[in-house]
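The following blocks contain the structures, represented as structure tokens.
The two complexes that follow have chain A in common; it is paired with chain B in the first and with chain C in the second.
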Partner chain A sequence: MSRAAEDRWLIALAVLGVVTMVGAPQVLQLFTIINLTTAIGLALLGLSLGLIWGYGGILCFGQTAFFGAGAYTYAVAAQNWGDTTGAIVAAVLAAAAVAAALGYFMFWGRISDVYLGVTTLTVTLIFFNLLRRTSGPDYRIGRALLGGFNGTAAPPLRLPWDDRVILSPQAMFYVASGVLLLAFFGCVALVRSRFGRVCVAIRENETRAELLGYDSRLYKLGLFSIGGGLAGLAGVLVANGIGRVTPDLFNLSYAAQAIIWVIVGGRGTLIGPVLGAFGVFWLTSWLGTQSYFNSNMVLGLVLILFVLLLPRGVVPALVELATRRRRGALGRAERLRARRPKAGPRRALQPAE
Partner chain B sequence: MDFAAAFLVQIVYGVANLALIGLGLAIIFGMMRVINLAHGEFLMIGGYTVVVATNKGVNIWIAILVLAPLVVAAIGVVVERVLIRFLYGRTVDTLLATWGLSLLLVGIVTAIFGPQTATTLSPPIGAFQIGDYGSSGYELFIIAITAALFAGIYALLRFSKLGLLARGTMQRADMAAALGVSTSRIYMLTFGLGAAVTGLAGGLLAPITGVVPTIGASYIAKAFITVISGGAAILAGTGTAAILLGAMNNVITFLAGPTFGEVALLAAAIVILRLMPNGITGRYFRRSL
Partner chain C sequence: MRRETVLQTHDLSMRFGGVVANDRVNFALKAGELRCLIGPNGAGKSTFFKCLTGQLKPSEGRVLIRDLDTTGAEPHAVAGLGVGIKTQVPNVFDALSVEENIWLAARRWLDAPRAKAATAETVERVRLGDIRRRPVGTLAHGQRQWVELGMVVAARPWLVLLDEPAAGMTEEETAFTADIIREINRTASLIIVEHDMAFVRALADIVTVFHRGAILIEGSMDAVSADPTVREVYLGHKH
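Up next is the complex of A and B:
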């Protein structure tokens, strides 16, 4: 897609996003709005993974490690401080710090794709096992009990300037959609910036980018930390949507779902993972209402089929289809013109390889 | 003195446990550079095979030592033929496809047996005493079986014709194919072998841990850590990593409790990867099996 066409799409998307954000609470029931808030949090998690995997080529199977770290930091900080604005900032910083620490070991060790995926997955599973063991009064941070398997309460958001006012579910929906929109367009700006272009260059050919003088480790670490921070923010939103943080935020099924959103939506796009997250959220909710298939079975099949048949995902496939159609139309016009006799021989120009 | 002996048995068991969980994964990874994310589910199915067979009246030893490896090997061969075969050379896609498989298997087993713990088995060997300290005879049995497995796989790879072909395929698949080895068949067989070892491990551990459809998740973190820290050499890698990590895990668990034991395991693995990005056998014992 050309830059101009992409801009047109983005503007349309922004308008659509704002209209949905303002309109949805007027039309939909409260239950749906609360559910949507959680879905928006998950979509943000998908966006963060889409950013680092699609644009940095960093195969992170454990994006939930930062997601859960953000959620836990938010819950603990909010219980201790009473104020939630500072807790959000702390959550994002903590998640980014976890990502940076992990990224240092992985990128400076220069470990390859497979090792990277498995290491990150292991990290999130260890967090899961660790927090499950934290039941009992010994495990507390300040006033907040970690609570083991049952987790701990996530206090609802309060107004930044008046911490006696708790946000209503509708207001929470506005906050969540606003955050998702800002994060999405922030990511678009990021991947279009010089930094983002270097990251894509590293994804395409790390050696070449290094020979051109870019320290690929530093760029990857930067992108990974930003992705980690976004995942932490997603954790805050989901913690608010559910009302509790439990070790389940770290578990295999969330980690797998994040991967599925990106695979289904499309690697190398930012809108793909977001749409993928909404789609899969809708699918799993629907699967919960019937008893023939359980969601693991269906999600597993979806993942296998996409890897085998459509490994690039839905959005890139659609874009390619649209481009080919337009090219096809142009091609027909070209052929019609070519039928008329023309002066001079036509020579194909091949770029020198 | 008695305490030292009991503690030593615990450490050796910890090491054997890690080695046993990781071995099947290591065989598949070492041979084909495929990380099987459905490894935990293979272990889980091995466990379910034992539970179902003993409930049907099959002798528990036959269920553990014969049925569990056979069933999981059969599943492994089918999986290799219908799924993995199309994805050789596409490492990332293999990871994703086996992850899908993992979810699918959890889903299927949940649909058949329900999400709760299946009837638990009691270990077929009782406890015994070292002075004042009790120790489990079944854990000693697992230690012995793990040692025998390592020896058996070593002998298979080192001395048999199949082992020679497998090692050749592992080092240079194209050259082996040019010399008339059916590499596709070798891959199928090694995947089956890895699955069989995994099924045996799952069957052996079922009486200790019990089985739930989601039990795979509690194994795979340890299995991945062991195999990745070990590196590409199947036996030497898994062995050294299991000794290092298992001993450390047990000592720290003893000093500070199981929570910190697990954290130490992870921290050690990450530090190992920072220092030796290709695992222990990427730097030491490079020419070993």
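Up next is the complex of A and C:
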């Protein structure tokens, strides 16, 4: 897709996003709005994985490590401080710091992709198991009891300038949508910047990027930390949607789902993982209302079908289809116009070896 | 006036388990020089290059670029000194366009507007203007080699290492590649590994012959090709 066409799509997307953000609370029921807030949080998690996997080639199986770290940091900080704005900042920073620390060992150790996937998955499962063992009054941070298996309360957001005012579910929805929109367009700007383009180059050929003088470790670490921070922010949104944080935020189910969203929606795009997350969220909610099929089984089936039939995901497939149709139309027009064939471009070159 | 030495190695050795790929190599390159490295397959030329560029850490010995000891430095740090590198196996960004490939090289060292100008200029210089938007992965072998050469040129290096830049090219393509290399030589010193003897004869002042990981002989192409040991080494090779 050309840059101009991409810009048109992005503008349309921005308009659609803002309209949905403003309009949804007017037409939808409160219950749906609260559910959507959680879905938006999950979409942000999908976006964060789509960014580092799709643009940095970093296959992180445990993006939930940063998601959960953000959610827990928010809950603990908000319970202690009363103020939630600072808690959000702390959550994002903590999640980014966890990612940076983990990334430092992985990228400077130059471990291979497979080990990177295994390592990140292990880290999130370690968090999961550790937090499950934190029941009882001994496990507390300040005023916040970690609560083991049951987790701990995530206090609802308050106004930054007046911490006596708790945000309504509608207001919370506005915040979540606003955050997702800003994060999405922030990521668009990031991948178009020099930094983002170098990350893509490293994904394509790390040796070449190094030989051009780019320190690939630094770029990967930067991208991984940004992805971690975004995942932490997603954790804050989901914690607010659910009202609690539990060790389940770190578990295999979320970790695997995030990967499914990216595969289904499309790697190498930013909108794909977001749509993937919404789509799968909608599918699982719908499956939850019926009792004929086991929803995990259906999800597995969806994944298998995608890997077999649309391995690059929905969005890249649609883009390709659209481009091909346009090309086809242009090609036909050209052939009709060009009665007299010109000499084609000279092909003096040999095919590869 | 004596010219400055821009690159040298002292007793550089590289072993892979029992295989001695480089054996106490003492090498020196002067500013402005265009040196060709020849030698039969497996002589250790590419390994020597990789030790110079930081892709391999030498088992023993030292590498000096200008007066800096770069033994075991990371490849990006070596490139950061102003060294342009083309590897034997084409190393390009296959999914990205010709323009993007070259821009990435230029933008490492130049600010945005100058990188843009350098990219446009380089794309024309390597005659890939017509296909500047095509992904490099879809190009023919020769064109991919030029993209890589373009990446080297766009970064404006003062020291250039090219491993088999004309491999698999037709005569016409090889001649064009030689043109580009001569142009690079106006502002940079070069070391070129090449098997094509006509190409080497046309380019090099001094030729270094590698054999079994060590330097066998150094001299002008005429002197080298008259040497009986060199003839023996190449016996059975069609060069």
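In the analysis below, the second predicted complex is superposed on the first by the 337 of 353 C-alpha atoms of A that agree within 3 Å, B and C clash if a C-alpha of one lies under 4 Å from a C-alpha of the other, contacts with A are read in each partner's own complex, and residues count from 1 in each chain.
Simple rule for what comes next: a contact is a pair of C-beta atoms (placed from the backbone, for glycine too) under 8 Å apart; a residue touches a chain by one contact, two chains touch by 3 or more.
What you see is a predicted model; the values in this text were computed from it and never measured.
Visitor: For A:12, using the defined touch cut-off, is the partner it touches chain B, chain C, both, or neither? Pick first, second, both or neither.
Guide: Neither: A:12 stays clear of chain B and chain C.
Visitor: Which partner, once the models are overlaid, touches more of chain A's residues, chain C or chain B?
Guide: B
Visitor: I'd like to know which partner A:322 touches here: chain B for first, chain C for second, both or neither.
Guide: In the superposed model, A:322 contacts neither chain B nor chain C.
Visitor: With the two structures laid over each other on chain A, which partner does A:30 touch: chain B (first), chain C (second), both, or neither?
Guide: After superposing on A, A:30 lies clear of both chain B and chain C.
Visitor: Looking at A:182 after the superposition, I want to know if it touches chain B, chain C, both of them or none. Which is it: first, second, both, neither?
Guide: Touch partners of A:182: none, neither chain B nor chain C.
Visitor: After the superposition on A, what does A:115 contact: first (chain B), second (chain C), both or neither?
Guide: The answer is first: A:115 touches chain B but not chain C.
Visitor: In the superposed arrangement, does A:216 touch chain B (first), chain C (second), both or neither?
Guide: A:216: touches chain C, not chain B.
Visitor: Which partner does A:197 contact after superposing on A: first (chain B), second (chain C), both, neither?
Guide: Second partner only, chain C.
Visitor: Give me the intersection of chain A's contacts with chain B and its contacts with chain C, in residue numbers.
Guide: Comparing the two interfaces on chain A, one with chain B and one with chain C, no residues are shared.
Visitor: Would you mind writing out the residues of chain A in touch with chain B in their complex?
Guide: Interface residues on chain A, with respect to chain B: 59, 61, 102, 105-106, 108-115, 117-119, 121-123, 125-126, 128-130, 133-134, 251-253, 256, 259, 263, 293-304, 307-308, 311.
Visitor: Going by the contact rule at the top, pick out the chain A residues touching chain C in the complex.
Guide: On the chain A side, the touching residues are 194, 197-198, 200-201, 204-205, 207-216, 345, 348-353.
Visitor: Could you pull out which chain B residues touch chain A in their complex?
Guide: Its residues touching chain A are 33, 35, 37, 83, 86-87, 91-93, 95-97, 99-108, 110-111, 214, 217-218, 220-221, 224-225, 228, 258-259, 262-263, 265-266, 269-271, 273-275, 277.
Visitor: How about chain C: which of its residues touch chain A in the complex?
Guide: My answer: residues 53, 55, 74-77, 79-80, 85, 87, 91-96, 100, 103-105, 107-109, 112, 130, 140-144, 151, 155, 168-170, 172-173.
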